[in-house]
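Presented below is the structure to which this report refers.
First chain written, first letter: the chains are A, B, C and D, and each begins at residue 1.
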């Protein structure tokens, strides 16, 4: 008896309990939600143990409809990749659930919050477990739904409602392509389950494979906030901070990377598609990193950083270094969740302050938060020894062998990353306090229920890299573990080139942090100067390359105008005419047929009698 | 039993049935129905079903028809179905369709009820019927009592003046 | 004179029915007590009887249950139908408590008649002999005729009762004549012996015409075209709780009996009845759906909708084999949950001094009573057949059975009809969620039992929609005894 | 002995007359009596077929039909009386409150 079904079932049960008995459970909602995810984590460990030595297995989770030889059922497909994803989702998920119990404890929608969060974990686990593209698609949409619900969790705030709507619409664009791709795949291959699909992609014509792969990648761009569909993620920071940590940093947004890695056979068949993935990743990585340089909202810094890091993952996947991409996914999940939770702790401790300009000097008041967040920041920046260093280095090395231009751009991105991370840490924790006396007086460290997850994530940030990511001639330990899923990347490992690359990236990181030190530490910070556009470039970055405004001018407004025009010209005339004409025909029939029902018994009896005669005539004629 | 007797009784049955349908007066119709039931009872006798013939006269022609006549007397003193019939056309349509039905049924009878060599005479006495009724047909028999009880409760519910 | 050998009286297979009828007797006795007892107590007794019968039915699952010399065949097929019937009747009783208190006479006879009628339905589904079938049908129908006219001060109710009675008796006479002809052809009224006698004589005109007349009688009870015309008027005029019983219980029982007769006794005539029912199914669902579009009275709309659903179910009967009847059984279960729930919502709503039955009364209901509106919305969506609600799965099994039996076009007609049906169901949803009421609109009358009934129905449609497989398997297994 | 087919033919004719009666008459009492006529015709067929089949099952069926008819008459007359109390007229054509 497989226990795989427990992994989704537990969070689902928790969600249902909190949805239906939320009023009854009230403030004790976390007693349902946290154990549910924690136990799902244990069940994930069991599943993980089964694929420890490679190999894969399937497990039928749920049989919906069986009719003859037709069977609609949900089959879980577990291989090492699934195992890793499961551990990340449920593990980080459990920590963030625990953290939420502290962070959200005053909120009016406590039970609703945990219900959504559990529902998200359920959907995400199912997305990872899915054994075919249809189930993948269903839960792809489901995690999106949970994400909108949680972005708009404080739906009374206009900004939150607006952000939820934006996330919905932008994702719709991507999902449209994704759905189309799956349909095309189905017509091309005739099946949707992973083993069959990946076995038969070899028979696809490369153009077909390119088309399908690019459509699928469109969905990935939406979900993982890659250019040009990245605009929703920074706005998504309107949701509660633990949600940002779990959904918009550690798990859901990485679904795109997971999907591309999972379907690598298809992308490889195309070649072109893989190249597109790499370039989009590189472009996004640099683009988002430059925007991160100037943000003043601590969560927006992290949001752009997430977009940028996701770009790194896509770059890795795009050059065929799948294991490196997934490894970065894992380490990123740890340190970015840590950073968000740290930011949340700061926000919690300062009574809702998110603006870096009004922080500073928190290191003395919030020791734990400072230490752990700094570890997370250094991990993100790529300081040697920490997880981010190993995973990013792995990516840089792989990209170096594939394409020098990409490598140079990513190196630039690494510099930016180091800079904005240093800037954020210095501004928040180490520079002199800039908040009002009153506000400063209230600053306090978060309760243990929130700091415990911080410690654990910090520990993971420290050890994961060394334990799993140390490079060797046969690839990292992590890559060897995934060897059954992805062939070990061909690029040469070790040697002087690798050593040189490593040194170079360390230098770049050091330069970034040092620059940040000079700008925000060595001289007193002038908050009024930060966040004010001084130069054109600065203004350009502050406005996130004007992408939102560009979309507004180039797409949203013309579309509104067009639809308005079309509504006037066509809908009322042509389309309405056709639809209404059809409808009117049916309604006309309905109106005529109902007149048959005269209400007089004689007509009813006569109809019955006519029916009898017709029945008998028919039967006698046979 | 001769054919002549059958034909006479059958003619009586058909005539009385037509009388029921064609006469305007409901009381007359009820009396025609009594005649019809009586002639069918006579046919039961010719078929060897003495018990049924007796029940037909006692229960049907006796009890049930008395109920009918009583209801007619109470509800319509004398006149009924006078006045113009706006749906006369529909009503008259029943005649051809009904004739068609009769035709179909008669066709089937001609084709389907061939002369079968009569088996041993069917016992039609009280004993034979009772024997079956209390052995094989015990369940339907008991069911009949429930049916009558339900009907009684229903009638009470409708007829009671209270509420 | 030989002594009369009384047959062994097998209480076991009769137990579910006996419990229901016993409860009816108990209700009558309670009603006769000199000091009037509360209607809640009477309703509770009735409910207890139905739940007891449900449990007794479930307890007999898998046990062969022929009794009274094959007069009663309580096999798994009958048991499944009985579960549907008991469930529907129990819901009706729960919905009746406060509905009746508000609108009509507080009387124990109502519950007694509901129980009598339920007993008739259960026997109908388990009848192994055409005589028992006829008696059970009459027990069910006579009680329903009276119940339809329960509000005897209202013109609509008395009209409904009268139409139902006259047309019902008319149809039953055809059924009886059909039984007589089948008896004439085979010399027996026992279903199994009819099958044996009819073997190889499928073209005996007596048998064929008998079959036709049987279909007329059943067609009336399940309200298939052209014997459906009573249904909208009766559904509209009868008390809503009674309408729910007519729409679910009586339909389930009649369909179960129809399937049993067709599949066991008249299996040899399948080519005949399958083609006939093909046409009837297609016309029935189309007429039901098209005319429903023009309705503004919700009870009437649901009446036409229920006609359409009978059309869908006849698809399963036509498909035959083991898949077809199994799909019908499963559909009956989902249909009972959904329809009883939808009518249940109507019993809980009222407007000033009247029942709220017009679509317009439900405008803006979502704002006034979001939970109630959501419940009605879900029932309607299930009737449309939106996954993952029960209605979708039910339709899926029916259409799949048709396709596999080679009736592709019938399945296509069914699918087109389901699309058509979305129009009028969703119109109600649109009214509830997007329109403002003119005047006060319907308001909720709180009722604990009614709310509980709705909750059960809701859980039912979601459960059957999400994990249909075990129930569908049971339905498939239940058909097996018929196909021996 | 008169062949059963004659009896069945007679029953078919009576049945059809009853059917016509239900449709052509407006008075529910007469319609109801026509239905009794139909049941009666069925009974005649049962007895005739019973003799042909050589068993008494047909006669038993008639017995049950009579019981059912009695119950039906009781209920039917009660319903008719209820309608009459409300309307003071007795024609099924008055019953067209609900239609379309």
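Observations, loosely collected:
Convention: a residue touches a chain if its C-beta (ideal position, glycine included) is under 8 Å from a C-beta of that chain, and two chains touch if they have at least 3 such contacts.
Everything numeric here is computed off the predicted structure, so don't read it as measured data.
In summary, the chains found to touch both chain A and chain C are B, D. Averaged C-alpha coordinates put the centre of chain B at 30 Å from the centre of chain C. Remark: chain A and chain D have CA centroids separated by 73 Å (rounded to whole angstrom).
Centres computed as Cα averages put chain C at a distance of 26 Å from chain D.
Inter-chain centre distance (chain B to chain D, centres taken as mean C-alpha positions): 6 Å. Counting partners per residue, chain D has 8, 15, 18-19, 22-23, 26, 31-32, 43, 48, 50, 52-55, 57, 60, 64, 68, 71-72, 75, 78-80, 82, 92-93, 95, 97-100 as the residues that reach two or more other chains. The set of chain A residues that touch two or more partner chains comprises 594, 597, 599-603, 605-606, 609-610, 612, 616, 620. Multi-chain contact residues of chain C (touching two or more other chains): 131, 135, 138, 142, 145-146, 149, 152, 163, 166, 170, 174, 181, 184, 205, 208-209, 232-233, 294. Taken pairwise by the contact criterion, the protein chains are fully connected, each one touching every other. By the touch criterion stated above, chain B contacts chain D in their complex at residues 1, 3, 6, 10, 13-14, 17-18, 20-21, 26, 29-30, 33, 36-37, 40, 43-44, 46-49, 51-52, 55-56, 59-60, 63-64, 67-68, 71-72, 74-76, 80-81, 85-87, 91-92, 94-95, 97-99, 101-102, 105-106, 108-110, 113-116, 118-120, 122-124, 128-129, 132-133, 137, 140, 144, 147-148, 150-152, 154-155, 158-159. Chain B contributes residues 87, 90-91, 93-94, 97-98, 100-101, 104, 107-108 to its touches with chain A in the complex.
Chain C makes touch with chain D in their complex at residues 131, 134-135, 138, 142, 145-146, 149, 152-153, 155-156, 158-163, 165-166, 169-170, 173-174, 176-177, 179-181, 183-184, 187-189, 232-233, 236-237, 294, 300. Across the complex, chain C meets chain B through its residues 1, 4-7, 9, 14, 21, 24, 28, 67-69, 71-72, 104-107, 109-110, 112-113, 116-117, 119-120, 123, 129, 131-132, 135-136, 138-139, 142-143, 145-146, 149-150, 152, 181, 184-185, 204-206, 208-209.
Remark: chain A residues 62-68, 70, 583, 586-587, 589-591, 593-594, 596-597, 599, 601, 603-605, 607-608, 610-612, 614-616, 618-620, 622 touch chain C in the complex.
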